[in-house]
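Following this line, the structures themselves.
Two complexes follow with subunit A in common, the first pairing it with subunit B and the second with subunit C.
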Partner chain A sequence: MDLVISILLIVMAPIIGGLIYGFERIIRARMQRRIGPPLLQPFFDFLKLADKRKIIVHSTHAFLGIVHFFSLWFALAILLLGGDLILVIFLHLLSTALLILAGYSTRSIFSHLGANRTAISILAYEPILILIGVSVFILTGSFDTSSIFNYREPLLFKLPLAFIALLLILPIKQKKSPFDVAEAHQEVVGGVELEFSGIFYGAVYAAKWLDEIFCYSLVYLFGANNPILGLGLVLFAFLYVNALDNSSARVSYKQMWRFTLMVALPVSFINLLLSILQHLL
Partner chain B sequence: MKLNAFRKKSPWILHYNAGSCNGCDIEILACLAPKYDIERFGMINTGNPKQSDILLVTGPVTKRSRERLVEIYAQMPEPKVVVSCGACACTGGVFRGMYNCEGGIDQYIPVDVYVGGCGTRPEQIIDGLLQALEILAKKTKDFEESVRLKKQVGREAWQINRRNVAAEIKTVIQ
Partner chain C sequence: MYPLISSLFILPVVVSGLVLILPKLLSRILVISTAFILSTISLYLFISIDQPYHFSVPEHMNHLVADADIILLFFFGGIAIRRKNLLVGLMTILQLGILLYLLNNNPLDNSTQFIVDKLSLFMFVLINVISSIICVFSLKYIDEEECSSFRKKYFLSILFWFIAVMNLVVSSDNLEYFFLFFELTTLASFLLIGFRRDEISVKNALTALWMNQIGGLAILVAIFFISYNGYGDATFSNLLAHASASTILLPLALLSVAALIKGAQMPFSKWLLGAMVAPTPVSALLHSSTMVKISPFIILRLSPALKDTPVAWVIIALTGFVFAASAIGALSQDNFKKILAHSTIALLALMIMMGVVATPVTLIAALTLILFHGISKCMLFLNAGIMERVFHFKETSDMDRLGETGPFTSFVIRVGFMSLLLPPFGAFIGKWFSIETLGALAINQKILGALVIVMIAFGGAVLSLLYFKVLGLLIARTGDRDKIKFEKLSPFYANSILVLLGLIIAGVLGFPFLMTSYFAPVASQVLNLPIAITTQGWNMQIGSMILPIVPLFIAFLLLPVTIVLAMFIRFKNVDRAKEYACGEKVDYSFSALYFSTDKATQYFTLIGLLFFVALIVVGAL
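Our next item is the complex of A and B:
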């Protein structure tokens, strides 16, 4: 039964992600007292992009955009099937690395800047995700996400600091203000996604929807064996990320890097030490 | 499946200031703000020519900006429409005949919708954009190029060189 649900989720992931993305745009508009686009707007965007003429810089660049989408989908599939948490984190890293490679493969300066900034944001959030994964391992004795579901208590009560650390890096992962240096439409015009056009940009655009699902399923893991708690946490994270996005200005990449080093990384380290202490006692 | 219907539902706008006095640009910003909110039509101000459908130009074309204008127009993938926003972009406005201006963007690129007014009102801009959408839905994906170029666009069997350079207007417009 669980397998059926997770396979259904994996197959429907782009559709659910698109709905979440559309809902997010409405929520953001309502927070600014605007009406906002219709709920199905991301799909309209995607179909329009599929219809447009394609301008390709070179074929590898366009191909990397498509591979980015599918590798992210693959990472999401392993996460939803209850696979290895570290493997999932590294597959997600791989899919972002493909996008960075695409960014460096063109001659556009904005594309290079975006690739640099994406690499810096990876440096900012990746250690924290891995530390969270390790503390989950110490608690449950396994890296598998299925072991979190079989654990007797929700992770939120055992590792509250890990949840706080995850909340601190969620805006970096989702490229939301104040940590949206990687995308920064006013500065680097979308960064790595600048040179994509037509259906290839459609793939990168749809990968953003998958990223949403990826982030929110990481949040859901903290309330894994209590679905109401899990969905509540997802809703809380959703509102938190969007409220923060609407109410804050962009910081520079140095400030972002300093913030993750000074605040988020120590929080996840303390969390790791506490979980080791719990394990020993 | 006919995908033409979706063009009207998600037009992405590229706004280019070809030497405008910023009056029209402020009105375009007002369109994005809560009162007029053009995002309810699915429009986004992208700032990236490769992903946008509507080129919204303000200002008379100054000699400095015309090459950028032609280059940006060439970088936009078809189907695309051009909306000239304000009296200056339509005809040159008060700058018509001056030594540094060209008098209207239709000297360089084919324009689909002209929106008049010195300081266009946001209502007029929205009306012009919606008329542009009607044109966008009917357009084909045929290659469109600028009116006045220094050299012909290079075409080979498998690719089109889109690096276009605008030619000067020799005669001063009376």
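Our next item is the complex of A and C:
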């Protein structure tokens, strides 16, 4: 039964992700007292992109965009199938790195700047995700995400600091203000995304939807054995990220980096220590 | 088996003598055929020997070894006087004093001096196969070097001599024999690093000499304590037999110091970073199959005794620190070889850490990393040599045109980096296993354990960033030229690279097979306990670790394979556009991302030194 749900989720992931993305645009618009686009707008965008004339810089670049989408889908699939958390984090890193490679592969200034900034954001959030993963392991005794579902209590109550650490890096992960340096439109014109167009941009665009699911699946894990709590956490994280996005100004990548080093990393480190102490008690 | 094993010691020595006198063509034939013979023997030995094979040599060899020790130290003394180097002189005098004391008080007797077990055989394969390829490559490379024809022969001669000494190092059981061979590798690297005889070469060679001599000194002091504590003969097997004795920690700590210095761990990383002034095959040799690999070898030898001791935890903390520190150090580098050297140090730290943790899973990870790192680093360094000789540049920032001017070299370098970084290769597996195993161990070690995990997580992210930076430069091209025409390289270059490429591909395809029949037997003999590897559906279970074979294979298809494919794929029926530049027509020059890390790196030497002091103190307590 669980397997069926997971597989269904995996297959439907781009569609669900698209819906979340559409919903997000509405919510953000409402926060700004606008009406916002219809819920299905991301899909309309996608269809329009698919229909456009295919213009590329070179094939290597365009191809990497498509591979980025599929490898992200694969990382998500391993996560939803209850695979090894560290493996999932690594695969996610590597699939994002494909986008960085695409950015470096062209001779476009904005792509390069965006790729550099994406690399720094990865450096900012990846260690913290791993630390959260290890603290989960110390609590449950297994790195498999499926073990979290079988654990007697929701993670939130056992590892509150891990949840806070996740909330701290979520805006970096989702490229939301104040940590949206990687695609900052006013500065680097969308960064890595800039040189993609047509269906190739469609792939990168749809990969963003997958990333939404990836992020919120991680959030859901904190309330895993209590679906209502899990969904509540997801809703909370969703509102928090978008409210923050609407109410904050962009910081520079150095400030972002300092923030993770001074705030997010210590929080996740203390969380790791606490989880070790908890285990000993 | 005895004749075959001893042929691994004798054949390279004979060849090393012959290349000095033979004319060019004959010596080329000799080198290539020796390369084949050595590789075949080492592979054959690996299949045919199962149980540890002890043997001793006639008694007059003991005198020979003692004499050789003293001659060697006098030679080092001579170098110290000639170069007026105080440190080398000091180390030599200290070594000589302790050596003479040892030779007087417990002369070498006729117990077993050599042991060839699975670990030695594993190292044989690495040393002989990889070094042979480097020797074949060097035939062409050194031919283009500006030096007298005798120096060229001399270079090849030392390479073979190095192979012989390495084979001896990994098979000696007696520590006094081990000391001699250890010092001989130091000598070989000293001669190779100083090969170009200019000021900087000599300076760096001397640095390498005195640093590695500290390692030799540590071995001698360890021998002293072994006999002082009354464990009997100073042999590895005796040391392991007394693993539960309370006084064992000091000799273990000292031998680990020797290992860590050979492995260029901070603060002794300077010698390896300085070694790149030598001709490039030397770097390939030092980094991949010889010299630095002595370090994980010693640790793996000692791992059953080291496991769970306070010394082990100091080493784990040190290597965790070095892993992160050298990854950070690499971020500010532009020189291709320097980036490679930093990443070698980082990965060595990971290997040593895995060896010290010494669970079945981590040992397998360590062995995987040793093998794949050997192949990949060798390939990368040889390509660095090709870049210098054929394309005439050394900096990574010049590499962004390589995709068009030298597609083959660019392609091979890319494969080399990916085989370090991406699933299912060594560093990926190593990082993954280390985080998961340390997670389990951290429970007992609290703050220390948690700190090491932070270091690995952070260092791992930095290292991936670094590799992707270089990969990005290599994949860069303009949209103007779509045709790919592989450049023609000299057959010596092309074939040695192709063999390495073949080894990497074979390693990936045969990964499950390598696990069960190559790494696992070695690890199980090192730990002296059976390691069960079972395959259940999609997963391979090794000890407590589950290795998902099918997802890893898909990851392999999705990541490295597609990145390679991206280079060659060409979409049809698409239109082209120039990159967006706000409508301006300006020529940009692109460079990679650099960080100025000087603020942090200046403390690294000090921190590393403190760890070494802590290591000795913990051992002595």
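We adopt the following convention: the second predicted complex is superposed on the first by the 281 of 281 C-alpha atoms of A that agree within 3 Å, B and C clash if a C-alpha of one lies under 4 Å from a C-alpha of the other, contacts with A are read in each partner's own complex, and residues count from 1 in each chain.
Keep this in mind: a residue touches a chain if its C-beta (ideal position, glycine included) is under 8 Å from a C-beta of that chain, and two chains touch if they have at least 3 such contacts.
Remember, predicted model here, so these are calculated numbers, not experimental data.
Looking at the shared chain after the overlay, A:41 reaches subunit B, while subunit C stays out of its contact range. Of the two partner chains placed around the shared chain by superposition, subunit C is the only one that A:91 touches, whereas subunit B remains out of contact.
Contact with neither subunit B nor subunit C is seen for A:9 once the two complexes are overlaid on the shared chain.
In the superposition on chain A, A:49 makes contact with subunit B only, not with subunit C.
In the superposed model, A:31 makes contact with neither subunit B nor subunit C. Touch criterion met: A:195 reaches subunit B and subunit C at once.
When the two complexes are overlaid, the chain among subunit B and subunit C that reaches more residues of subunit A is C. On subunit A, the surface patch touched by subunit B in one complex and by subunit C in the other comprises residues 53-55, 189, 194-195, 197.
Every residue of subunit A that touches subunit B in the complex is listed here, in rising order: 25, 29, 32-38, 41, 44-45, 47-55, 185-186, 189-190, 194-198, 201.
Of all residues in subunit A, only 53-60, 62-64, 67, 70-71, 74, 78, 83-84, 86-87, 90-91, 93-95, 97-98, 100-101, 103-112, 115-116, 119, 122-123, 126-127, 130-131, 133-134, 137-138, 143, 189, 194-195, 197, 265, 269, 272-273, 276-277, 279-280 touch subunit C in the complex they form.
For subunit C in complex with subunit A, the residues that touch the partner chain are 422-423, 428, 431-432, 435-436, 438-440, 442-443, 446-447, 449-450, 453-454, 457-458, 460-462, 464-465, 468-469, 471-473, 475-479, 482, 546, 548, 551, 554-555, 558-559, 562-563, 565-567, 569-571, 573-581, 588, 590, 593.
Listing the residues of subunit B that touch subunit A in their complex gives 3-4, 6-7, 9-12, 34, 37, 39-42, 46-48, 50-51, 53, 75, 77-79, 141, 162.
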